[in-house]
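All remarks here apply to the structure that follows.
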């Protein structure tokens, strides 16, 4: 099945700023796609559109077979339970302990009574599940701390834990390793890769570290000024290009000239 | 003069978590120091201590000649006007337009009446000053947008602009390039370097990208679990070590064995 | 009749003097009534007539003690009729009077002098604190509120008397019995307050029952009042004894109230 | 700018119409008159019997206000959810389609209209309505307080929940959470300090509520205060004011305690 | 857990003491009684003269409440700054030294005590005090409303400002800002929607304030309502309630408009 399909997708924010312009792309289930682009290129906008938090200004967007602009609110919730988003910023509710911040990842499927119950009593299996995920990410000692007592990188890992716990079909990770050290970054990326290879989870991950993109992704999308300017194998991009002030010249070598270089890991 | 001097500096957070343990260091004015360390190592804690937002649990901390634990509140404010902090997270007031978010960097020296005046009327020179700084960072078109309408990397640059505008003696930059692309990251780091070389501003910058640390800093500090485990020339650290799960083994080659390799730029 | 046999008699009181501690004060009365009727009696004490009238109108009260004006007003809301009224200890009849009083040192000598002055009524629904003072003012050619500088409702006779004594107002209307009691108690200094007018005799406060109440029971209640001879109890009830009254006794009040706008036609 | 000018003009006109004048207030002799009045309040009545009455009244006040407030919170909390203006493009007209969009907003306006009604109908009228239903006594007082407070809390809760950081709301919604879950996972934790502040303040208000309670024969300390005041028993008034101040201070301290815990509790607070 | 149990027990006892019972409320016949009462309110009085009176009263009400509220905001705003519990280790005892720390907290408790006093002394007593100073009329009413509202707004503002995201407060403080500047750069922008919500709500309350105004002979729509109610002129009561509901709805709509602008205005809003 096709995980994400965009046709002439455009998003103009209320203020008149272009978020995305005329984007066409198709992502098969099971892919692990890296998204690159300078600051303000539209990466976050793309994720918010896929998640349904934004409504496209024009164009069509199909996620896991559902057309986003036609789906009912309940169906959208249903769909979102199959998705997991790792936000770039503001990814934890500061006054809630980490355990709840993680649990809410699977909270969408709980009844109201169960949701309330969580705050009074956590089942053993719930604790254990959260603990296992946190351990994998190296922050199991923070399980009962308030989220705002964690360091920046620790908070980011809480968001990763939230995404993992819901066993999603599609993960949207927005710069999940932006504020962690290289060692931790590897841990996070390995976790995502394992998800991808073991469960066949489709993964879209936006990154600024090109080395990680080259190492982990089998396909890269490059955005600039809201346009998709490269879509293809990682081999088609020279790291040095991405250090330039403007990505636009990538285009020349980019789309339409997709090379078939092997993914380097 | 000595910009930062720490003696047996220890910070234990109210919950009992160690932020920093027994840190000794001395930073001369005019240095450009990179700070490395895994997530949760205590980098942010160090910055908050230097800024006076945290009070040391034990040990002494002297900033620009003033002992932090003895200084009065007014003197602290005075001192802070010579400092500028670039925060890792939560670095903009979301509902305020960018221009105010930048102006508040020099707001500490305004009278109450002037502060209120800002919200009704901006002087031409104020506008121009902000515009120039924003232009240098490539976000001049966002000058009058609400800060929460900016992308993650754009917000981070607003924080950089705020730090620059106050013409500080000491800049504390907490992962200022965490969520920007390599091109923008170079722009930000060049701006900091220019500040350092032209005005002699002391710069402490925490980073996760080792290549940037090696390229821009004349001295590196490496923290792990709250301890300072390396203090010396960038040449003394092999990038590969920093990718390891735990930084502790850096120590062996670290402190006390400071090598005098030339800074590689 | 028509309503089921009552199991409990509910009596509503509006304290026409000091309303505090009324429930405790009226306890002997409750006991007396309960023994006489051989059924439980419950007392309700509210500081205002309105709710008591509505409670009667909806069958939540059986017996209530009203002022003359309140009775004719309540008659429009609820199906009720008067049964007995007390024989006054001062006039030895069922009648009492209303007074218009002014500070002793005031230039005001007659009611007509009050034109353009500040006048205090008690509760707007009070017979002797509102209706009769209006009648007296009306006879002196003073329209309320047009011909007065200001109209104040103090809420009670004691308050009116004290407002006059304190010279907060130029004059006020009070019930004579309460005024004399206040003088007896030393609350009011007769040297500071002068009486400038005295009204026609007013028919006493009726004990009112609702039409729905069993006729037999009403007769027993009436008899209980008529039989009251314990001097302690009578003193408490501020009465010498009781006499039967009927609706016709309140016709004058009804007509005057309608004329002066305190009652709808 | 225009807004500021309009406000100032309207204020100016209103001030003139209400004969507002600070010179009148600070005229010579006024201070004296006020001092005389205030001195008249002293000393507070300390008659043991009166103090005992007051103690009883305080307990009664606490009980009535507590039940009234608790009822209001219970009803206002879910109602406020309907009265929250949903932000986020999930709820935009293009997304929902006109029919559903109209339904959503109708519900919103309906909820707000109901809340306005609850607040707008004066407590005394509510009291009358409940008296016709349940007769005199503390119950109609409690119910009147509850309905009125529901109108207030429902509105304030809704506006508070609405003001919460929208990015976190979006984050929670992204998990497929229902709006009820968004309430528990984001809106409530994020606004808990203000929520407590509001709610306790309303409790305090209901303690001070005097008129309604006396009106239906419910008693309480406020009723007694009005009576003592009308009777010019200023020494009693003084004692009663002191009693009220004690109650207020207690609620204030409780509020500070709870808020400090919520805001600053180091780690493991909710475990 | 323990807290929940305590609350439930206290609530239970209180409910019993106040004779709280939903069965009484929903007894057969009650609905009928209430319907009869409510039907009695219909139709509203539409006599032209009365309507004209009401219109005058509405204007008067708006004026009095506006001046009272504006005064309260002016005083409460700076006062609330003192009543904010300063968080952040800049203000810790070790940092400030015991003497300054004690001073800081004394100021804090003093400010809160004053606010409690303003709220705790009933509006009617304030009205009496101002009557002794400036005589009867709208002015003492305005002043009484203002003082009482100051106590309320000061407390709520303080607690709202205190609840703002502490990390942003720290960020602004790091520039060397004074607490007043922290107020303007962080606390106020961050809590502006709730600030508006509170303030407009207080204005609404002051519009509804009936008792005080009638007490000092100030007039206004609430006073008229109480009189009409006491005279059982329920049709007038109905008209007056409608008038109040209109006022409330207007304030509500104004509030929604302002809050929408503040929360959602796309770009360049404050230019």
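Lettered A, B, C, D and E in written order, each chain numbered from 1.
One rule holds for everything that comes next: a residue touches a chain if its C-beta (ideal position, glycine included) is under 8 Å from a C-beta of that chain, and two chains touch if they have at least 3 such contacts.
Just so it is clear, the model here is predicted, and its values are computed rather than measured.
Contact with subunit C and subunit D alike is made by E. The most distant chain from subunit B, with centres taken as the mean of CA atoms, is C. Summed over C-beta pairs in contact, the chain pair with the top total is D-E.
Averaging C-alpha coordinates per chain places the centre of subunit A 43 Å away from that of subunit D.
With centres taken as mean Cα positions, subunit C sits 78 Å from subunit A. The multi-chain contact residues of subunit B, meaning those touching 2 or more other chains, are 13, 15, 17, 89, 94, 145, 149.
In subunit D, 124, 128, 132-134, 137, 165, 167, 226, 264, 266-268 are the positions where the chain touches two or more neighbouring chains simultaneously.
Of all residues in subunit C, those touching 2 or more other chains are 48, 50, 54, 57-58, 60, listed in ascending order.
Residue ranges on subunit D touching subunit E, taken from their complex, read 10-11, 13-15, 17-21, 24-25, 27, 30-31, 33-34, 36-38, 60, 62-64, 66-67, 70, 85, 87, 112-113, 116-117, 119-122, 124-125, 128-130, 132-134, 137-139, 141-143, 152, 155-156, 159-160, 162-163, 166, 191, 193-194, 197-198, 201, 204, 208, 210-211, 222, 225-226, 229, 237, 241, 244-245, 248-249, 252, 255-256, 259-260, 263-264.
Chain contact summary for the complex, subunit C toward subunit E: residues 48-50, 53-54, 57-60, 73-74, 76-77, 118, 123-125, 150-153, 168, 262-264.
Residues 48, 51-55, 69, 72-73, 76-81, 83-85, 87, 89-91, 93-97, 100, 104-110, 112, 115-116, 119, 144-146, 149, 162, 166 of subunit A are the ones touching subunit D in the complex. Across the complex, subunit C is touched by residues 53, 124, 127-128, 131-137, 140, 214-217, 223-224, 226-228, 230-232 of subunit D. Chain contact summary for the complex, subunit B toward subunit A: residues 13, 15, 17, 36-41, 43-44, 88-89, 139, 145, 149-157, 175, 178-187, 208-210, 242-247.
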